[in-house]
Structure formats: C-alpha cells, structure tokens
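Take a look at the structure below.
Every chain is named by a letter (A, B, C and D) in the order it is written, and numbering of its residues begins at 1.
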Amino acid sequence: MEEKTLVLGVIGSDVHAVGNRILEEALTKAGFNVVNIGVLAPQEDFINAAIETDADAILISSLYGHGELDCKGFKEKCIEAGLDNVILYLGGNLVVGKQDWKKTKNKFLNMGFDRVYPPGTLPEAPIADLKEDLGL
Amino acid sequence: MEEKTLVLGVIGSDVHAVGNRILEEALTKAGFNVVNIGVLAPQEDFINAAIETDADAILISSLYGHGELDCKGFKEKCIEAGLDNVILYLGGNLVVGKQDWKKTKNKFLNMGFDRVYPPGTLPEAPIADLKEDLGL
Amino acid sequence: MKLKNKRWNLDKFKEVREEVLKQWSTGEDVDLEEAIEYHKDLPKKKVMAEVLAIAKEEKATLIQPRAGVALIDEHIELLKFLRKEGQADLLPSTIDSYTRQNNYQEAEQGIKESRNEGRSMLNGFPAVNHGVDGCRKVVEALDAPLQVRHGTPDARLLAEIAIAGGFTDYEGGGISYNIPYAKDVSIKQTLYDWQYVDRLIGYYEEQGVKINREPFGPLTGTLVPPSVSHSIAIIEGLLAAEQGVKSITLGYGQCGNLVQDVAAIHSLKELAEEYLAEYDDIMLTTVFHQWMGGFPQDEAQAFGVISWGAATAALANATKVIVKTPHEALGVPTKEANAQGLRTTKQLVNMLKDQQFVAKGLLEEEKEMIRKETKQILNRVLELGDGDLAQGTVRAFEAGVLDIPFAPSKYNAGNLLPARDNNGAIRYLNHGNLPFSEEVIKFNKERLEERGRDEEREPSFQMVIDDIYAIGKGMLVGKPRS
Amino acid sequence: MKLKNKRWNLDKFKEVREEVLKQWSTGEDVDLEEAIEYHKDLPKKKVMAEVLAIAKEEKATLIQPRAGVALIDEHIELLKFLRKEGQADLLPSTIDSYTRQNNYQEAEQGIKESRNEGRSMLNGFPAVNHGVDGCRKVVEALDAPLQVRHGTPDARLLAEIAIAGGFTDYEGGGISYNIPYAKDVSIKQTLYDWQYVDRLIGYYEEQGVKINREPFGPLTGTLVPPSVSHSIAIIEGLLAAEQGVKSITLGYGQCGNLVQDVAAIHSLKELAEEYLAEYDDIMLTTVFHQWMGGFPQDEAQAFGVISWGAATAALANATKVIVKTPHEALGVPTKEANAQGLRTTKQLVNMLKDQQFVAKGLLEEEKEMIRKETKQILNRVLELGDGDLAQGTVRAFEAGVLDIPFAPSKYNAGNLLPARDNNGAIRYLNHGNLPFSEEVIKFNKERLEERGRDEEREPSFQMVIDDIYAIGKGMLVGKPRS
C-alpha cells in the first residue's frame, strides 16, 4: 500500500502528551507515516507541517477544554494555504465540561472538520476511518 | 409535667428493630411513658395497646417498604375503637423505593396520620412535635 | 418434634414433606425427581457451586447484588439489567417480606396491586406464589447462577419451589433467619425447619446435584462483633453439613475497620475449615457483605461506603461480595442505582484483585482474638448440648451464651452491647453471658476504656447509639458531637 | 542569568521584580508592603500554613478540590458551593491554561467570551487579569485558606498578584511546572524564575507572613514511579527552603497499589525531613493526589477510583488529599459533580481516620526500595552540580539522571518506561539513565518478569500502553485482553 502521511499534534496551549504519544505509536504501527508536531502547537504549525510533508490528513487533539477557542478558523486557514483536500480529524475533550456530545460534534463538524471524536476514543476508530477516507 | 403515654411499634411483617430500640430509649429519656410493642405488630396490637394504656399518641414505624399496604384503614379502625383523639405519628422508609417525599407524605397525611416523618429522622424531631401537639 | 443434630432419614423427611407442600397451592407442582433431571441439564455457568469453585481457585472476588420485584417479567428485566449494566457475576432473587413470613395470601394481594399500580408494591420476588414454572422462567432467561435471598424462619416450601425451579443457591439458616427476622418463633422450631431445608439439599447432593447453602452472615447488620457472627455461621455450617450439604458459603458483614474485617474473613475461613474437618468433600467459600447498618442518604457518601466495602472484600479475598446501592438509606433501589453500586464495586474489586493485605502484626493479633472468642463460645455451646450441636444451640440461646445484638426475637437474650473502639473495631462493651475468658474480657474492656478516655466519657449505651448513627452521618466511630 | 542554589539578595530580587510587574497591566497594582499588612490581618482559618499545622498535629487528612472559572462572581459562588456542599477543608483557585502560558491577552478574550456566552469559556480562573483586587474579592468571600493551583512555567507575575491578593498557598516549582506543562522552556530558566517566586515568599516569611509552598507532586500523572516524583519533590523543597520558604507541602500522585502508595507517603515525609534538616523551622506536610491518570467515563466506576484514593490517603495519613470528580474523564466538572467527589472523599477520610496501615513486612520492603532509589538519584544530582543543587538539576536533566515519563518537554530525556508489576505497583521497565545500583535494577526487573510470565508476553511498550488505559477500563494492571 502507498504510504499516507498524517500530521499529528495537540493544539493551542494544551500540554496533554500521553494520548498523543499513544496515537503516534498506534498510527505508525498501522502503517502510516506520522509527522508528530507534539503538544502546544499553534494552528500555523499544523498547516506548515502539512504543506512541507504533503500530508493527506491532519489529526488534531484538544484535551484541555479550549478546543472551541483554539480551532476557530482552522478550516479557512487550510483552504487559504491550498490544503482544501487534506482530511481534518479532531478528537479529545473538546469543550469545557461534560456536555451533550451530539451538539459538540455538530459544532465542530460545522467548523469544517471531517470527523470529530469523543473523549476516550481508542486508536482503532481513527485508523479504520482513515483507511476508509483515504481509500486504503 | 403530667406523664404522657405513647404506644410505639413497627407495623406489619417488618422486623427492623434498631430504630425502634433507639426511639424507645430517646422517648423515655425525654420523659414519656413508652409502651413498646416491638416489631411485627399488626394494626390490632397498636389499637389494643392504646386502649389498655389510655395512650395519648401512637408512633408507628414502617421501614421495609410495605407501609402503604400495612397502614391502610388504620385511622378508621382507631375511630371505630374510640381512639379519635389519639395522635398518630408515622415514620421510617414508608414506600418501596426512593420516591418523592412530598407525595409520600401527603399520601399518608390523607390516610389520617397527624405527622409523617422521612427516612433518617432523629428522635429530636418527634420529641419536639409531641411536646407541641400534647401541649407540654 | 425432637431436635437432634443427626441426619434425617428419608422417611421422616418425606412425611414432613407432604405437609410442607400443602402450605400453598403451588406446592403440588413440585416433582423432586423431575427437578433433579432439570438441574442436571443446567449448564455449569448457571450452577452456583461451580462458579464459586472457579473463583475460589482463582482467588477472585465475585460480585452479587440484592434484587427482587413482584412480577416475573419485571424481575427478569431487572436481573438482566444488573448482569449487563452492573456486570454482576452472580444473581439473586430477593424474596418479599410477606413470603418471608409465610403470608402467601398477602403476597398474592401484593402481586395484584403491583399489576394495577404498574410498579412493584412488594419489596421482593414472591417465589412461592409464582411457583416452580415461574422460577424456571427466571432461571432460563439468565446466564448466571441464581440464589434465593430472603429472611424466612420457615423456609421449607420456598426451598422446595425455588430449588425445583432451578435456583442453585439458598441463603439462610435456623438461627440467622430467625433471630434477626422474627419475634415469636422458637429456635428449636427454626433449627428443625432448616434441617428440613438442608436435608432437601442433601438429597439433591446425593443425586449428584450441587446446591450451595449460605447462612446469613450479617445477622442484624448492626455492630455485630465477628465472634458472634462467626459462631452462628459455623454452627449453621455444621448443621447443614450433617444433613448432607456439601457446598457452603459462610458470611460476614463489614464492620468498617480494615484490620478487623480482613482478620474476620481469614479467621472465618480457617475456623470453619477446622470445625468442618469431620465432614468429607465440603467446598467452603466466603461472602463479605458491604456495610449492613444504616447508610448515609447522600449518594456520593453512599458511594464511599460501598467502595470501602468493595475494597475490603478484595483485600480480604472473600469469594464474593454482596453489594449495596447509593439508594440504600432511602428505599429499594431502582435498577440503575443497583447497577451503579455494582459498577463501583467491580471497579475496586478489579483494581485490588492482585493486592494482598498481609497477615502480620495487628492483623495476626486481631485474628487471634476473634479465634479465641469464637472458640470459647462454640465450646460452651457444645457443652450445653452434651455434645449435640442442635440441642446446644437451643440451650445456648436460653442461657445467653449465643446472643445477637439488636435482634427482635424474644428467644434472644439481648444482653450484648457492642461499641467501637478508637480505631473503629467493634468490641464488647457488655458481653452479657458470652462465656469469655478473663483475657478476652480484659482486652475488650481496655480497648473501650481507651476510647472513653479519648472522648472524656464513660463507655455507655449512648456510645452505642452514637456508633449506630455514625456511618449514616459520615463517620465510623460515633464520637460525641462538639 | 546565573543559576546557583543560593538565596537571592534583595537588590537582585527587586531588579527582576520591576520587569515582572510590567508583564501585564495589573502588575502595577501590587504593593508589597501593603500586602504584608493585608496578610497580617487575615484570620488564622484563612491561612494555609496555620490550618495545615493543626491537621498535621491532629493526624487529620484534609480535603481539597480543584476548581476555577473565568469570572469572579461565578468563581466565588463555585468555591462557596464546594465549601458548603462538598465540605472542602481547603480551597483552590485553579488557573486557566492561557494564564499558565502567560497568554494574558487570550485570557482577556476568554473572559469576554465567557461574559457573552454566559458560561465559562476558560478552564480556570485568570487571576492575573483579575488583578489584586479581584483576588481579594475571592479571599474575602470565603472562610477557608485559598491556594493557587496552576501549571505555569513562568509564574512570577501570577505569584505577585495572587499572593498580594490574599492567597496563602502557591503550588508548583521549576521542574514540576515545567516538564509536564511545557515544551520549549529550559529547566535553567524555570528554576531561575521559581527562585524568584520562592524568594518572594521568603520575603513575606521574613516579614512574619506565612505562605505555604507546594511542589506539584504527580508530574505527568501517568505511571510516575515514586522515586522519580520524590526526587523532584525534594529538590524543589530544598530550592524553596534556600530562598527562605518555611512552610512546605510535598506531594505524590496515587499509583493504585496500597502498599506502594502508603510506602510512598511515609518515605516522602521521612526523606524530606532528612534532606531538609539543614534548614531551620521548616513545617513539612504531605499531599496525596487521587489517581491523576485517565479515569473511567462511567460515574459509578469513577466514584470507585475516587474512593480508593481517599482511603489510601487516609491510611497513609497524608496531611491533605486532592480530590477528583465523577466527571474527570469527560470534562471540567460541574460544581455539583465536584462536591460529590468531595463528599465521597470526606466519608472515607472520616471513616478511616483512626485506622493505620502498619509498617511491617511488605510495606517496609517497599519503603526501603523507594528510599534507595530516591537517594541514588539525588546523590548523583548533587554530584553533577558539584554540590550545587540547582546546577545539578539542570545537568541531571541533560544527562537523563532526572527524567519524567510521558512529559512533553524537550528538555526531558524521555527514556523511562514505567509499567505495573503483578500487584499493580509501578516499576521501571526501562530506567533510562537513572543512576541505579544493580540491586535496584534487579528488583525492578524481577518484578516485571514475574508479570511477563503470568501474561505470557515479554514486558514491552505494549504493556505500558495497556497500563495507561487500565484504570479507565476498570482495572489496575493492564493485562492483555483475552
């Protein structure tokens, strides 16, 4: 299979590193070329990394609750940067507090993310979805 | 103060003896003449004891959840027996399950009880109320 | 009626049996030989003794709820829910209080009113009224072993129906289901009636069908010292074994002090093995009951109490733990609340399963004291019966040598006053007529005096009352409010 | 910038101070001398060091939540609620993540959006933006001591404002608030910046004002072996004491194995007393953090985890316990969920307060191993600094002699792989460059090999991953799924 490239990172002022480390491990094992920009990553770093590595997908984590603030305008910036076709996944504890998941999910889908994952997602889920979305 | 007589007991097929024991102790200490007919007491035993001892009040416990079934018609039987003026208190875990207390309370007030006490009532509450209701 | 601790011969059993089956119309549907075949066809995962044996072997702690409602379909739904959403390993059917008092007429009324009201008006499952077929519906709908949990002094008809109905475990005993659960029933009578139950189960055993028996360990659930409940548990275990019972689970209700509780489970197992040594092929397991006294009304606090029971059960390595719910203080739990208690318990039992509480120092000391106390009681019981345990038990209750705190029964002396020491362990403030040595008496006294000094008051009944309220108010030891 | 473990002279402090107070407009409102008077007028019950001293004396375990929202009035309401409905003994103000990264501009934005949306859009209380007066509003509205809890590498301005604002306790340290909380900030820089914070507090001390300091014990909260967190806690304690801090709380995050956790709290206290012996009048206390890693989403299971942390804290006799909530896995808790976690904890802390876990057998063994490991690390750190602890710390991180698992910082070697042994205690699967003796290495290896045999697999990173998920899935040890 052709190797697909993923940019992985944790957005904003967020330092939760454990899920990121495990996702890197699992996605690599699943055969992807993983570019992990780690925690505390601003929107620009995701975009630059995606351009540089000609990535097929960007996987953003936001655990600490500021997902709404940190992800604002991300899709638009991707389009500006010519990354219209890059697939965007988002996961973690996206909002502050225990909120209705459907609403949260729709909020982020409307912001332009292709798939949005609830707290506690295991790596198997995005791996299966990536295979589908990237036609593997 | 004139000594008032109370009939105390646990109604129906109910064997919960601990609260009954503590109430006996507390009511006696508070200066009442307590006639404790104990657990597993049918309606008739309460009435007979009240007649025999010329009681001022009857305090019924029901802990095990069958309070609705066991207390049916008790007030009527009291009236029949000429105990119209005897004060009737009821306390414990009166219904099956954790239910809205207001509703439960009203149900038993409507059945003719003068005061109805929620789970976990400490002896201080009925003692104060008895003093008021018996004009002590 | 002559009471002796001797296995009943079959003629006597069958004679009594005829009367028993007439107690309610559903009795006539019991066909013992057919029932034995029915049991032989049950898959092992539905047989309590088999599932317990695996847990014992693997040193696992299984979890079991209490649950029962009036109508069959609702009861099945409830148990399915607890199995699925609560991850219950073992299932119960808690019997309603009318059935427990053999008031089948009132139970029938309760079934009817439950149908009318659309909610259970009974506090449990009226198995006798539902009969053998009703019980089998329940057994067949579920994939785990089922136990009858009740509190019935005369539990003969219930045993006939429930066991023929496919239940593979039966709780109770002639003492533990009398003294805490009745007022006017003599010990002699209930020991006799429970010999019947045990003989019935012994008969099943003889035919190759394993039915587990579980004396009710916690008794009144209220400050019962371990040596009191151990004495009763061992007596009931011995009485059952004499009638041919082979699979026995002995129980103990949490006191709240970790050292005492672990010491209690360990010593219960060891003592029972010693005493039961004369019987062959006994499979002995233990059950730990999460705190059986008054609970806090607040659910978050109740979760704390439940968790502490779960943790202690796991650290003590009891074979199973009986689970309370966050609704405990208020009423029979909803199925959701029941499943919550189970999930909390499962979390802890899993987290602690590989952890041990090592038998050193304080723990050994505590075990030794429980052993001494229990043996002093049991020896006197045997003496009083001139070697016959059943006779001895009757006389021991008369003499207050067996005595259960806070029990409603008039056949119980009621002289004991238990209270917690400074560390929350339950001690004898007044040991009544328990036949204790000077050493034991002194030990108990010193512990309570130590607490008295700390609280600047004499140990007294007020201390006991404070202890009864304590856990409900968020404490273990009922220190005087300041 | 020259880093040495030497008390800063006042001139240097004041010079740096001018710059610090300019970092955000609210800095100019800080008047140190006025603040000292303000503190002197605080009643003792609002002073952390005083309240902790009483708990230490009485061997009580106090309970403290985490909590913070964007707006002042809501924050006060939240804390009042936790005090009243949660029976919290000590109060926090958890600072939002923008403030932690010194992004006061974004914090300002968050405050505005929170006003617009009518709910907190920040995950904490932006104390810098609210300024001295804002903090004092909070302090004055409450009747318990308040601590700043954050995660800020450069926490100088926050310290100036919050302490002048009446907070009497300040969490963090140059390592513990860098390595787990930052990516690109050098250890040298944060040690230097935290010397400033400690010097500030030392200055208050000199003027007779007690401000407690608490290094952040749990670090990344994920399988951190006790000797790693102990080493860091003791280093930060020593660095603080050098700057004049007198009241120090050292912390540790629950691992889940009772013996290891109790051994950890006992050894932390003992080791710290040894190392801090050279400083006079230090008031040393301990804090136990309920499980800091991934939680189960189910609330009933979460209550189980919370309870186990509470029980362990009490059995270990930590001076305080930091409480999790049933919402932990999902998001910042509502005030109700927060109070529930507190009430569960209080129930257990109360029930267990008079119970001890005795230092015999396994516990002694575990303590001894933690002591050895910690001392081996700390000795090498001092060696690397030629006797200077601050220098040694910087070099130790470079050399991987200090190393924190799963940390985001590039200044951290990241060579460690911790995994649980068969009993759930955390061991070194890979000890990286930690300067351990053969004995220590062998001990750790054997424990993990034992588990490997049990699970029929080689100890590997997959084991670590399984352990990270385990508690969230209801287990302690991440055994392979069958």
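As a working rule, a contact is a pair of C-beta atoms (placed from the backbone, for glycine too) under 8 Å apart; a residue touches a chain by one contact, two chains touch by 3 or more.
These figures come from a predicted structure and were not determined experimentally.
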The chains touching both chain A and chain B are none
For chain B and chain D, the contact-path distance works out to 2
With centres defined as the mean of Cα atoms, the chain at greatest distance from chain D is chain B
Chain-centre distance (mean CA atoms) for chain B and chain C, in whole Å, is 30
When centres are defined as mean Cα positions, the distance from chain C to chain D in whole Å is 45
Dist(centroid_CA(chain A), centroid_CA(chain C)) in Å evaluates to 54
Residue numbers in chain A touching two or more further chains are none
The positions of chain C in contact with two or more other chains are none
Contact graph of the chains (line, ring, star, complete, other): line
Pairwise touch list, complete, is A-D, B-C, C-D
As the complex stands, chain C meets chain D at residues 256-259, 296, 298-301, 303-308, 310-311, 315, 339-348, 350-358, 360-362, 422-424, 471, 474-477
Listed in rising order, chain C residues that touch chain B in their complex are 97-98, 100-101, 103, 106, 109-110, 113, 119-123, 151, 180-184, 220, 222, 293-294, 297, 327, 329-334, 337, 406-408, 461, 465, 468-469, 472
The answer for chain B against chain C in the complex is residues 12-15, 17-18, 21-22, 25, 38-40, 64-66, 68-69, 93, 95-99, 119-120, 122
